[in-house]
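The first chain written gets the first letter, and so on, giving A, B, C and D; residue counts start at 1 in each chain.
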């Protein structure tokens, strides 16, 4: 059977290059086209030596034979570039933020600009397979979730959907530096971030409306009041989210754990841990580790989740979405265990 | 004027060796005796090359001429060893947990053993100068606070003492690895902790009762309900605590900030930041950086504080306490700026 | 076709667990047995969460059905444990140092103990496929090379075999911390090794006689005089060796480069780089990157090589050897690109 | 006594800001003026929070009252800017490369541009106090050495000056990332350099002619043939140089060690180590640790030296030079021990 011809728009960032790494090993697709304006004309292996076995040249435009497209463009630009492809019937996973928010008004509020193609918002499926698999399976346009929302929503969904929680939620997330992208800046320079932890975006991070939207969809009867604070920690990959909520039902930690196990019982990429998980155990893999517990002194739910921000938080999840959209095995190309240590 | 003769019991851990670094530069004291059972007989500079300029040999017992003692022993052992010294009238700062909790019952509950000298608990002053300066100044026995409580209490005190907060508090702390001590273990091995973040002690960390006790003392009318989750991040030094509370008064972020500035206006080691602080800016120094703000969407107070766990969170604060106890300038020996980068 | 049943003796070190990661994905073998004394009885995924998808329990003894064995035991112990297996005709790759040196006397000199089974030394093939493929292919017992010798020999072989070099060689190697093993020690504690570089074993590292033996075998007419100094750098994986020799022929850097390209033209795991290589580009992969050049001012050859010490320097090379011994495709199970970043 | 008024040109790089940290604590000088074009108008503590206790505003031009100037400008620019100051009789330490090379021709060859003020070259003293103290003491213009040459020359000088070595030298240096400066670039981004080691400048690093020049000055009878390869390792501060030479005399490691001890017996900043030194033990301090030994198998001298590239390799050495030039105690302001861990 001929393998599906796939392409990546903007392969030169960390998300794009991680897509290339994973797609290059995928049994059901052939990566045939990768674009990147500044590096156009160079061999992929010249810019990224670890991919020199992929026989690809970076081009300015996508090859027209491509049947499935991943976009790793920045927001704004991505929607504009994808709209014609979607119009032509090419299936697409957008890794930018452009199709995550259902409301063009909310988009404008958080991204400071009108949405370029608001008419497509309705059509886009939110690409968190564990919570939205049906819609993804039949979609032509999937909005790949943000890395923070993926970790937070997977951590909270079982408790939230069952109505175990008050509306007040605190999400304290810790991210590796690759989440800030590959463009050089003082904020991601080794000497600035090593031996450092810091919080940022305290006035409101763009992933907050996404979290609120999806929590509301999971359980429309409660309006979430989420306080979300992201942090940067000195590592390349990984996000760990510690989520705090008030339990409105009495249950034991073991009962809680069992609900999480049941909720995700059939999910290949979700593991309910027996102890607080380590981001290191997710490095390079599409797994999300979740540890739910209860602080008995304060009747609080605490859920710790972790994942690799470039895999389950970006490229891996995008491929999981593609697998669903194209009818492949959901885990195809995503089965390699994490790299440890 | 003759300088005060000081000694360190158990110099060989990270807290003890940091005491030696700082005391060796202190203008008003002379470090004359350092103990350490396993390394007894060795020159200090043999074990710790950066201290080879200090002309000291590690001994098993403290020199009897010592007028002021720092104990960096583990809890339990520390109280037992210090009791006779206190009895003889030697002034002491204990860096272990032994004299932090006022209640022997609470101590027994959290440390799993009866307190060795409960009769001394009353006498001990809790050594957080910014919140308890008067008591420290006249004390002979000071309990140096834990690193996490120092960061959390300094972050919360202004809002808590003014009654701005509901009783429910979340403290999410991120610590460097030196907080786990110098004894080798898999949990602090480079390959295990680099490229890793994890939460721990979710069933209750021993610093929690200390935080509750001191919040209660600050404002006895409210019973704090604190949910405290510590995390380990891949750096050597530093703690950043992100503290979340519900505001019960309406005020702006700027008003809040002003209250923090006023509260700490005369404190040499507290800096109210204009933006979220970086642990890197505290490396090696006794400063605590605090950034208070308000999440307007959820009416939550968020305070981010950071410090060097080995300095303001341990050895530096111990020296600050000594300065108060001995009538030295409070900043003596603690004025060096942080090492950056 | 039934897949070959393989086992790992001592799965609990970094080498053993890396073997498990790679063998678990190998298309032609089935990992059926993993041993480890201290952890016997535990599920593999309990000790190493990233391997929880492998359905294996750690046992004390190897399952008797195993057809191919990898030993990741310490030297001395390994030979003793493997001898009966070899006697029974089980094919073996030994990742310890026990069968690397051809001379029992040299072994005794460097390892401080008599070789447990000197009669097997003759039979063992030195498992560096690029330099010894024929012998490996027909061997029943393969001695997997040390990580440093692998990087140094691959770097030097083309020039050395062609007689381009004087006998005097300097090899300055920089290794990540995982090379020191998984047993906790102060020397591998995060706070000791982060922000640190150091040289060690200046009186002679055990990998030196191995390098000398193999250089001699490559070109018996010259007695190598190798000065080898290993260093530890603060990263988990990776070795970079900078090798210096005196050229005894006049040739340009480009001619030199071409000889290296020719020498390794058909090698799937060797890449001759166009610029100094980065260990990061080998992380998790079996590739060895080599950059040969000439310092024209001093007529010196400089060759920089790098690889992942746990893959091409240990587990990956062991599997490459197995592939040759069992007649599989040489790259089977070893095709995944490096993890970047 | 009035303290000398000092200024820093270009305070905003890592060298400049380290000068500010150290000068702010110096007992004999007052830091009164710091310049930096892009940040002119800002408070120093706004850009560098760890220096907020210094009451200084960054200006475009140096205050005219300044009596002593440090330049941390890039080469080329520095000489141009300093020439008029030197002309007016202001004493100067230049931390750029502009006055290190005695020959304008060699400068032009390595820096690709004619020297802006060749007439000043003669006047400049090479600022390595341990090897050139007399000249520095009477100089008005001191060229602060490069970080690599400092580590290499201090390591080699005792053996080289005594004629113990053949002309062929290999210097393999490992540097932390701060040596690459503070301007953001992909090459210093956290995700690119963490978990990575690489060699660079194999065609010739600009510090090579400086090393050759000074070795020649130390012992004019031998023409050094130095092969120098710098490497980047994932840490912020520190350089470790491993230097290899051929001994032309028979002597034991202990005799060699004694010669090093004698050579540096009176030097406050040089420590001859008993074992291979760690860069971590120099962090933030002006010390250089040196470990000389002999590889008996190959009759090679191996000397390992390490220092903090921003202190003894830059700002600290500059202040040591100033102390000599102004007749202060040589160690003034430089006595703080390293920060460990």
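Miscellaneous remarks
In the analysis below, contacts are C-beta pairs under 8 Å (C-beta built on N, C-alpha and C of every residue); 3 or more make two chains touch, one makes a residue touch a chain.
Computed from a predicted structure; not experimentally measured.
If you take chain C and chain D together, the chains in touch with both are A, B. Look at the contact of chain B with chain C and you find the same residues on each copy: over half of the numbers used there are shared. Taking each chain's centre as the mean of its C-alpha atoms, the one that lies farthest from the centre of chain B is C.
Across A-D and B-D, it is B-D that has more C-beta pairs touching.
Centre-to-centre separation of chain B and chain D, using mean CA positions: 36 Å. Taking each chain's centre as the mean of its C-alpha atoms, chain A lies 46 Å from chain D. Shared interface positions of chain D, i.e. residues touching 2 or more other chains, are given as 14, 176, 178, 191, 194-195, 234-237, 277-278, 283, 341. Interface residues of chain B, counted against chain A in their complex, comprise 168, 170, 172, 174, 176, 191-192, 194-200, 202-204, 208, 225-227, 229, 231, 233-238, 240, 242, 244, 246, 276-280, 283, 291, 293, 295, 297-298, 300, 302, 304, 306, 341. Residues of chain D touching chain B in their complex: 14, 17, 21, 24-25, 48-54, 178, 195, 236-237, 271, 273, 277-278, 281-285, 289, 335-341.
Every residue of chain A that touches chain D in the complex is listed here, in rising order: 14, 177-178, 182, 184-186, 188-191, 193-195, 234-236.
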